[in-house]
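Per-chain residue numbering starts at 1, and chain names A, B, C and D are given in the order in which the chains are listed.
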Amino acid sequence: MKKLINDPKAVVEESVEGFGLAHADLVTVHPDPLFVSRKDAKSGKVGLLSGGGSGHEPLHAGYVGFGMLDAAVPGAVFTSPTPEAIIPATAAANSGAGVVHIVKNYTGDVLNFETAAEMAQADGIEVRTVLVNDDVAVEDSLYTAGRRGVGGTVLVEKIAGAAAERGDGLDAVAAIGRRVNDNVRTMGVALSACTVPHAGVPSFELADDEIEIGIGIHGEPGRHRIAMENADGITDRLLEPILADLKPASGDKVLLFVNGMGGTPSSELYIVYRHAVKVLEAANLVVERSLVGNYITSLEMQGCSISVLRLDDEMTALWDAPVHTPALRWGM
Amino acid sequence: MTATGTGTTVDAAWAIDWLRRSAAVVAEHRVALSELDRAIGDGDHGENLDRGFTAILAKLDEEAPPTPGAAFKMAAMTLISKVGGAAGPLYGTAFLRAGTAVGDAAALDSALLVAALTAARDGVVARGKAESGDKTMIDAWTPAVDAAAAADRSAPAAVLAAAAEAAEAGAVATDPLIARKGRASYLGERSMGHRDPGAASSALILRAAADAAAAAAPAGASGTGA
Amino acid sequence: MKKLINDPKAVVEESVEGFGLAHADLVTVHPDPLFVSRKDAKSGKVGLLSGGGSGHEPLHAGYVGFGMLDAAVPGAVFTSPTPEAIIPATAAANSGAGVVHIVKNYTGDVLNFETAAEMAQADGIEVRTVLVNDDVAVEDSLYTAGRRGVGGTVLVEKIAGAAAERGDGLDAVAAIGRRVNDNVRTMGVALSACTVPHAGVPSFELADDEIEIGIGIHGEPGRHRIAMENADGITDRLLEPILADLKPASGDKVLLFVNGMGGTPSSELYIVYRHAVKVLEAANLVVERSLVGNYITSLEMQGCSISVLRLDDEMTALWDAPVHTPALRWGM
Amino acid sequence: MTATGTGTTVDAAWAIDWLRRSAAVVAEHRVALSELDRAIGDGDHGENLDRGFTAILAKLDEEAPPTPGAAFKMAAMTLISKVGGAAGPLYGTAFLRAGTAVGDAAALDSALLVAALTAARDGVVARGKAESGDKTMIDAWTPAVDAAAAADRSAPAAVLAAAAEAAEAGAVATDPLIARKGRASYLGERSMGHRDPGAASSALILRAAADAAAAAAPAGASGTGA
């Protein structure tokens, strides 16, 4: 394992410290328990908080700022944070109107946020939870812990964040977050595994001509292992279950999000995007908005995920609304 | 600190010794547990538990809990705040419920121990909604609780030895199962042929409880357990 | 080699096509000869053009847009483009006030841009060339092809782009570009090599405990191969020759740019950034501006480069000026 | 097309044959040339030249240049527009200067050939500023030009054979050198022990010129060359 790190046990702390130094205009880093809060939040708005294991950067701390999150709680690498950190972060995100927790659907995240939400409510902070579970790779959700929260999380955070920024109330912000989740589907592929710093070995082994289809974002193996294919073929394989599950109507407007897992150059993401647009247009969908880049990653994993969000006019307007965070910025 | 006991009950010293022995086996098996988790999860289970039990050791060095219940509650709060992931809240709930079950009793007899183990297991089920056969730590805990309930109750050491043995068998029995809860469930059939890490760590921790009780029991006072 | 590509020979074309689809609001892709031009350039401003081998994305096409480049010319992977494409791109970038070519100092780039500039001038377009050569890894520049253009290129493009946008004349824009180049120094490190698609094998071999210090951006080996060190140690090694060469005065204001080579997660870049800030502050420098991320890459190479730019007030103001390109955006 | 020649001159057919043979050897050695470049450069030299010569073949299929000079100029423009990198402008300049040197002569005798080779080399030096010993294509071209100038001038085939032989030796002789120009110069001493890719490709292309001339010469008309 070769990484630009010092002590494998201090990776998250040191990285977030550096992040805080680089973005001191936007965020404050609270070191112990570790969480990140927004510097300029206006009082009285609904607070937005997300968190989860680290290793998915820029998610979540990179999205703290105007028009998106008010606080982010980074756990250990690929390990959900504990209530110990979520509770004070919830308090920091609260300016009187309550806090929405955006939680990716993993047993650990759900349990820890559940406990934290209970304790924050006991302290008098209203909490609503938006569970993100957009991963169509998980087929039999009845017989599993349910679909995972993956790429769609970024879109939920942006759109719900814009709703909070324009002054929507607690239930309204949670409702728009859920609406985004209900309308987004994601599927991912890994060309290589990633190496968790404290483990020191890749999280799975993949032969030189194999890829994993249907991965999550924690370096876990996917649903199927298949022989390497070209970019167009892989794109077809990712889009097929997305469209089968989302069942968009002809003429629907969509946001197409091609996300890099961390170790794939953006040039390759654009090759995937190119074909994805063709597939969606052939299905009579209108690609109204796009996002291409490393927005929710698995350390240095090579691969990508594709998310398709069915847009309505309100979601589009909230997507377009100004945002100013370390990792997503436009309109200001 | 040397664990003590009358042979028919276990006390705070036993509880503390259990936690210390748990910390030791978790540290010893840290890499192996993460390795199990790497096969069907995200490779952090050993690391997670080690972080939690290291914090428990630090707490124990600061202040010795006066009762088994206080020790369990301290362990619960520490695991909940330090472990994260699925295992943190689940183990935390287990210790919390065990603590509530024993109240502030200074000594626990076999019946109270069985009640504590049952409450712990029930807490994990309540939080995690897993059923037997879902390939989770429940597949170690439920056989352990059943064995404890059926064991010779003359000595806690015997009760815990029976529980540990059953937990170990239960962990081994997770190998062929298809996971239906937790991260491993995403693998579907590919989770077959691997041991559930949480079941494995549960067996280690219950064995530590039995070992602490055996060490605490006056010579000749223990029951049928190893 | 596993990559999200189709035909290794079509990588650049397909990737740029996808890029054009994703950023159709900002850029136009001209397929043959291949170049990218800005959609909304205002008439009468000095045009800015850059180009070079592909594989450094988002450089250069990602910087086409308001406040930065007017055209970019992507060559084959790691191979400078030819006059055949540079000439029409120069014409597209010209709206009457002439064009500045920003050229990274490599023999191939210099020769091809030289030829193109000559031919464009013959067609009546005034061309000025800003040569970027910020790489302190090249020690004996007298006995080599001279220092290479690396990370500093991004800063030259941003600051000269802002000068052009505010209406500076041709010589003034070139002068500010040269001033940035004169005040920036860069040094890079590779933890792994990258694989050029048509080659199919990594561009060099590196043992599991070795790193290359002083790499360029073309997958070429560096100046020294050393045993792996921790992030702080590597950061020290990169900053030492930068500061020795730049010789900043105590109290100088600087921009600190930690750039990922493509395959390194941003969390690691922030660990490097964290220590770099400490080193610069210990040298009594004021870190006034920062940039952390993948801005000039070598495909999926793991590693980073550090650039330090000595700022003056004008450069800072031009850095802060609004920019709206696919890869760099703020203030609008 | 069969190359023809009087034995004392070479013509457009020879020039076309040279370009076709060059395309063939470059294609054959594409991977090997890139491999040389991978060691001390960026691994694209074979790919670059192959792209250029493939384009030259396409142009030749469209229209046969009427004179050697026209063939050289067509090659020059194609290499400049298609190759990129350092090699594109340098080889392009070489062919351009050679074309200018021979003007629109229909047949080139040995003296004109030597002048063309000299002009080509001088063009590369003028563009790239490399000196002998800098570990570049110049280290193949300069010995080639010197050998051509000194060769028996009775037949172009002999002149070109001498040039090719010297270029090959020159390419081999770049192995121990430290590069001072081009990408390889960034490696400093680490460039030692590797052959310069541009020198290697120059030797291949000059050998193709000699082979084309040998094929064109009537049996027995060639000089001392191989």
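Here is the rule we use: a residue touches a chain if its C-beta (ideal position, glycine included) is under 8 Å from a C-beta of that chain, and two chains touch if they have at least 3 such contacts.
From a predicted model like this one, the values you see are computed outputs, not experimental measurements.
Colleague: Along the shortest chain of touching chains, how many steps lie between chain B and chain C?
Modeller: Counted as steps through touching chains, the separation is 2.
Colleague: Considering only chains that satisfy the touch condition with chain C, which of them also satisfy it with chain D?
Modeller: none
Colleague: If you average the CA atoms of chain A and of chain C, how many Å lie between those two points?
Modeller: 29
Colleague: For chain A and chain D, let me know how many angstrom lie between their CA-based centres, rounded off.
Modeller: 56
Colleague: Centroid of chain B to centroid of chain D, CA atoms only: how many Å?
Modeller: 78
Colleague: Could you work out how far the Cα centre of chain A sits from that of chain B, in whole Å?
Modeller: Roughly 34 Å, centre to centre.
Colleague: Where does chain A touch two or more other chains at once, residue-wise?
Modeller: Touching at least two other chains: none.
Colleague: Give the residues of chain B touching no fewer than two other chains, as numbers and ranges.
Modeller: none
Colleague: Touching chain C in the complex: which residues of chain A?
Modeller: Against chain C, the touching part of chain A is residues 2-7, 11-12, 14-19, 21-22, 54-55, 57-58, 62, 191-192, 208-209, 211, 228, 230-232, 234, 262-275, 277, 290, 292, 294, 297, 299-300, 302-304, 329-332.
Colleague: Going by the contact rule at the top, pick out the chain B residues touching chain A in the complex.
Modeller: Residue positions touching the partner: 34, 38, 40-44, 47-48, 51, 80-90, 127-128, 179-183, 185-188, 190.
Colleague: In their shared complex, at which residues does chain A touch chain B?
Modeller: Where chain A meets chain B, its residues are 33, 53, 75-84, 106-108, 111-112, 114-115, 137-140, 143-145, 148, 196, 198-199, 201, 203-204, 216, 218-221, 223.
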